[in-house]
Amino acid sequence: MEDYASAKLVEEKVFKDPVHGYVHVRDRVIWDLIATKEFQRLRRIRQLGTTFLVFHGAEHSRFNHSLGVYEIVRRIVDDVFEGRPEWDPNERLLALCAALLHDVGHGPFSHAFENVFGTNHEEYTRKVLLGHTEIHEVLIRVSREFPERVAQVIDKNYTNQQVVSLISSQIDADRMDYLQRDAYFTGVSYGHFDMGRILRVMRPRKDLIVIKSSGMHAVEDYIMSRYQMYLQIYFHPVSRSAETILNQILKRAKHLNQESYHFKFEPYHFKPFFNNSVSLEEYLALDESIMLTYFQFWMEEEDAILSDLCRRFVNRDLFEHVDLNPEEEPERYAWLIEQVKSIGLDPEYYVSPDSTSDLPYDMYRPGISTKSPIYLEMPTGEIRELSDQSHIVEAIATKIKTDYKVYYPKEIRL
Amino acid sequence: MEDYASAKLVEEKVFKDPVHGYVHVRDRVIWDLIATKEFQRLRRIRQLGTTFLVFHGAEHSRFNHSLGVYEIVRRIVDDVFEGRPEWDPNERLLALCAALLHDVGHGPFSHAFENVFGTNHEEYTRKVLLGHTEIHEVLIRVSREFPERVAQVIDKNYTNQQVVSLISSQIDADRMDYLQRDAYFTGVSYGHFDMGRILRVMRPRKDLIVIKSSGMHAVEDYIMSRYQMYLQIYFHPVSRSAETILNQILKRAKHLNQESYHFKFEPYHFKPFFNNSVSLEEYLALDESIMLTYFQFWMEEEDAILSDLCRRFVNRDLFEHVDLNPEEEPERYAWLIEQVKSIGLDPEYYVSPDSTSDLPYDMYRPGISTKSPIYLEMPTGEIRELSDQSHIVEAIATKIKTDYKVYYPKEIRL
Amino acid sequence: MEDYASAKLVEEKVFKDPVHGYVHVRDRVIWDLIATKEFQRLRRIRQLGTTFLVFHGAEHSRFNHSLGVYEIVRRIVDDVFEGRPEWDPNERLLALCAALLHDVGHGPFSHAFENVFGTNHEEYTRKVLLGHTEIHEVLIRVSREFPERVAQVIDKNYTNQQVVSLISSQIDADRMDYLQRDAYFTGVSYGHFDMGRILRVMRPRKDLIVIKSSGMHAVEDYIMSRYQMYLQIYFHPVSRSAETILNQILKRAKHLNQESYHFKFEPYHFKPFFNNSVSLEEYLALDESIMLTYFQFWMEEEDAILSDLCRRFVNRDLFEHVDLNPEEEPERYAWLIEQVKSIGLDPEYYVSPDSTSDLPYDMYRPGISTKSPIYLEMPTGEIRELSDQSHIVEAIATKIKTDYKVYYPKEIRL
Amino acid sequence: MEDYASAKLVEEKVFKDPVHGYVHVRDRVIWDLIATKEFQRLRRIRQLGTTFLVFHGAEHSRFNHSLGVYEIVRRIVDDVFEGRPEWDPNERLLALCAALLHDVGHGPFSHAFENVFGTNHEEYTRKVLLGHTEIHEVLIRVSREFPERVAQVIDKNYTNQQVVSLISSQIDADRMDYLQRDAYFTGVSYGHFDMGRILRVMRPRKDLIVIKSSGMHAVEDYIMSRYQMYLQIYFHPVSRSAETILNQILKRAKHLNQESYHFKFEPYHFKPFFNNSVSLEEYLALDESIMLTYFQFWMEEEDAILSDLCRRFVNRDLFEHVDLNPEEEPERYAWLIEQVKSIGLDPEYYVSPDSTSDLPYDMYRPGISTKSPIYLEMPTGEIRELSDQSHIVEAIATKIKTDYKVYYPKEIRL
């Protein structure tokens, strides 16, 4: 068993990657994990869900991103941590595997999907690691406890918090990859920061990872990039419009199923989700190709709401939006609902409030997020949380407001 | 009618594009064309077919590329040709529409698909322009003859060959976009050339477009980039392996249908293609999401060949290859077939010869290609074909050899 | 006269520029200005003074930068403002000339030089425009008042404040060029922002220039880039060390001259500055080649202080620094002076306090700076100052602290 | 002594470099060499001589380039060769030092200078390494033979030809740095190639370095970049015009000195060169600041030829050129000389033939160049010269023609 854990490929393999240049693989375990069907499935799930309907370049998959996260962790452990007394080299393979596999439980259009069906990609990641999967078969060859250890790292409760921090903290490899990758594929000029510099000043310390204070400005730049990417890309109102329609489609299909509606095209793959009884195999059988296929088929359904919403999504005929917080302006919201009713549409499906606090992105807010904050190590050895030290970061951390919008069909002219 | 042809948007719209920075739209006609369902459908067809299985970044769609070709033509006509006496400004909208729509008849994985079913994307482009489509409805509003004129430009038989050359020649906007775009998304360093410089020295002349000879070196660079992209990306042997399996899947499904095999999952969308009687609507109903969905379903089919080939494609378990031209080494080829038989596989589906001359990419070979060559205009006004003037280009044009490979399952160890 | 103002080159000329791609020149006036000896002289003055001793790429000249500022203004007036009713097209040439010439009065290592000799580059810019120069000869051909108008724009008191704002405001072409150019040549990853987007949302309004509020995030990004460039490049402590030595060299030479010291190598070019009586010709005769030549010669002087300081500068043997504000910690400062004395050095020349508030860079602090702030135009037409609208900018504008250091020879080990 | 050779800095030092990201220094010897005055002097010598007068970004120094060559060799030996049996790790420091110091004997505007005065920068490099210099003092601390070994590597006669090839062959670190660096600073889009890939497939073999054949296309791309850079930048006719004037200035000054002309401003630094008796110290005392200073002073000389040529150079009033090979068209050349005489100018100084074969750049021409060619290692282990294997390279290697021009003052209108 030990042999497999340390087995190297005869010759290093590389993947050409537009963000990191190359992704380097020398470990047989990593190579074998990439070849599993569960990992290959990530090619059929987009990294940014519906964002490609606004930024046409954003068609990249979670497969891309997962390789990128792996590569960043590999650079940290091989080029920066190796040989340092505070870093246990026996954790290397664990860190690499957790990085590669951290998103393996994601389903298609996860955010909307989980919203409607109550599934949880973190729970499914655990199941992929520990269940009857090709990934599990690879991991168990390393050692009997290895799959569970990978799961613990991804669940953030592994004893060695250094390993957890690499994958999941306020400046983890996950975020560093997606900020750069999403910037690259959308083509925006935000999202660039000097990752090389940040990696070079990362240091393993007891139970955590610190950034040497000489790298503070590079970290500030990273925080500012993150802020810009959130406002410009992740919180983009038109992308949230597509998301909203997706939500409504799934909600309608679920509702029709409850009502025993007879589908022309049976939602075979969705049944387990409608019935809240989903096997791992059923979960993994669904991807974005299949969801898009259903939506195209459902454009022919007799149910006017389902077919209309599908048509809107497939042909990109999205909803309009208005700045409106229903709780603060209940009358204006009620008026909007009336408008929708007046043109014969059901507000349940055609009026959708949405706020950025519903999104799975968190600004840097130490003390609020459960993720470990960014620690600077001063020349004296003292360790300080970043926003204590940086005025800019403090400003960003404290001043972000939630943005409230309500989406509605553009047939209504406000 | 004239009004619609010249109608401008109140405010210019832009699409953020990673290759060109921004794609600018001011014309209402262009805006309306982009919103049609037939154009939106291009989002579900990858620009590089199966290449994403080798270069993981290459997940970009023909939608991306089509906007890019439009933008290049827009820059040429608006920034370079406008005001020059040899250019007829009345051709502007025609050039823009033809650029935007030149690929609109492409189906999913066109190359393999057309190979097996004998369809032709150029023929379908014409049908999309002239048939009962949203695109046709937009074009006909410009003028009664306009849809036909767009089709003629794309078919290369429009009277004004300047317009044809913009879209389809050895240095057209189509190629300039895809070389750069495919380089960007794959992440390779080839594929860069100074397009800005080339555009600036393009000039409309009687019946053709020339490049001022001061730009010769930029054009040489473009030819060299093209050469490198072909060898590195488009002719990549592993990408051709995926293509080969795709071919075999379609061939097998067609065969099973002829044999009246009972599919668990009916190839509903493929029936018209099996029967060689495809309506435009049926053609457009197929895209890569749907094909991938079928392949996933077919992994469960009882036919061992179909299910195995689908599994290989979906999970990226590709064929190996060997350098071998069956015509030149028939015995070695026969031997390989025997090897495949000996492990119980049908060589009809598990041995696939492939050569680069089967691919839809042509090197620069003036006199052989039907596309108009690259003309340099010397300071004297004399016009010369590029390879007459450039030693490098002459070398590239004459020295390319066809590469022959045979693909086979990796269970066989040669 | 009118003819010359509107004369165009037969063919557009371009300069290849690493930051903007190309600098385009069509106006004869601009072409003639670039060819003047006073403009060519800017090739011999580095944009970032002594910074190349820390960031070795920063060897670029003010010639580069001046072309860049011109090009940005050209893009604004030709591509964005042209045709808008609030913009007077008769101001175009004036704006271009002022952009090109705004730095033409800069001397070698201006900051240190002006510090010691009390010269003022803005005053000399005016003299170059209005005195007996080749530049004046070109400008006067446009019209009798034209040189004076260019001077007024650069002095910020021209009546049309739109033109002034293009060259000199909190988001002027000067800053937009140098931030990007200095980032490019130093190689840092800060300094990038989406200038294309900012230019596209700039609008001329009565007496000012506004940014449409849809571009606010691009402007925030610009402000954050600026903040990072200041902290990382312009305020870099080692670069300030070189500056400090330069100051001391000039101070010592001036002092020696007052003391009638007999120079081995006569400071012929410095005499007018020592005597506070400098003609325009004498001013322009000095550039950084000549200063460096003197410093190399002076390494052979008998005066130990002058020769030592010159050797340190030429061979890059710079001073160390400590965080210390003499006013706040007078005893620690006095102690440092004693240390320097104790190794036989004169603290007058070997102890140099320096603070970032002495530097010619200002953070964005509306109300404090004399430069006009950044105005956002809301969709309602209302105009707001940026930091009223942006929390990030407010934070940056209010939280910057001055950094105090004292420089001393590294022979002293603190 | 051994200690010093292996001494490491407490903490790795980095230089921010726009081309390579960072230059990394861990060896004390390298750190000490960079601090020497002879190495710092390279800051005052431009990498591309007079090219900045055509490509304004090309103001970068040989200091930049030397650090870059060092960094490339460091990456090869530390990241690729280390641990391979064919590579002797004891050669590491030698390779790094030779890379860093290979240009240390270059004088100002070397090409023109050597042309007129017959000096030789390779000879002076040897003198700097072995003479009374700070560099020698550092090297001798490594071992008694070390300075001589460094000199042998740079002279290409060191016994281990692997080390020589790193610094000096058809694909050495010198060329790989300057192609990329010159492209970066001029801003041209040529000059990019995938150096990362080339480095990764370099292998040490007995007496040579090979490139694994899987990297052939990356090497082709390098050869094509080189070809483009030569034609576009290094052979640029306007840059050669400035070079021509420089030659004439030096020739005139030498002539005047021979004629015992009384200079207003004594050519103190040039005397040793005029008299062909130059000490190392005198050689190193000259740099481009000083040359430019002389040229500015000499604009005031009474000799009309010298002052006029200096004015042309300083104010960039360059010569025109015509395609003309005096040997092939003697009559046309004679006629041009007559034209120059007819306006009262001395053709000795105002008519300058120049051909690209005079330039210090060689295309890839195996068998002609003395530098070792590029070897590919085939999968079989067989070693082949690149142009045997690559049609493109063969074409480039055989088809380059020399370009002949004659330069003359633009007062003559041909």
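Residue numbering begins at 1 within each chain, and the chains themselves are lettered A, B, C and D in the order written.
Throughout what follows, a residue touches a chain if its C-beta (ideal position, glycine included) is under 8 Å from a C-beta of that chain, and two chains touch if they have at least 3 such contacts.
Composition by chain, UniProt nomenclature: A, B, C, D = HD domain-containing protein.
No experiment lies behind these values; they were computed from the predicted model shown.
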More contacts between chains, C-D or B-C: C-D
Copies chain B (HD domain-containing protein) and chain D (HD domain-containing protein) - rotation angle from C-alpha fit, nearest 5 degrees: 180
Chain whose average C-alpha position is farthest from chain D (HD domain-containing protein)'s own: A
Approximate Å spacing (C-alpha centroids) for the pair chain A (HD domain-containing protein), chain C (HD domain-containing protein): 44
Mean-CA-position distance for chain C (HD domain-containing protein) and chain B (HD domain-containing protein) (Å): 50
Inter-centroid spacing, chain D (HD domain-containing protein) versus chain C (HD domain-containing protein) (mean Cα positions, whole Å): 32
Chain C (HD domain-containing protein): positions in contact with at least two other chains: 21, 188
In the complex, chain C (HD domain-containing protein) residues that touch chain A (HD domain-containing protein): 188-190, 192-194, 217, 220-221, 224, 227-228, 231-232, 391-392, 394-396, 399-400
Touching residues on chain A (HD domain-containing protein), where the partner in the complex is chain B (HD domain-containing protein): 15-19, 21, 35, 37, 40, 43-44, 52-53, 55-57, 59-61, 63-64, 67, 184-188, 285, 287-290, 292-293, 296, 314-317
Residue ranges of chain D (HD domain-containing protein) in contact with chain A (HD domain-containing protein) within the complex: 14, 21-22, 196, 200
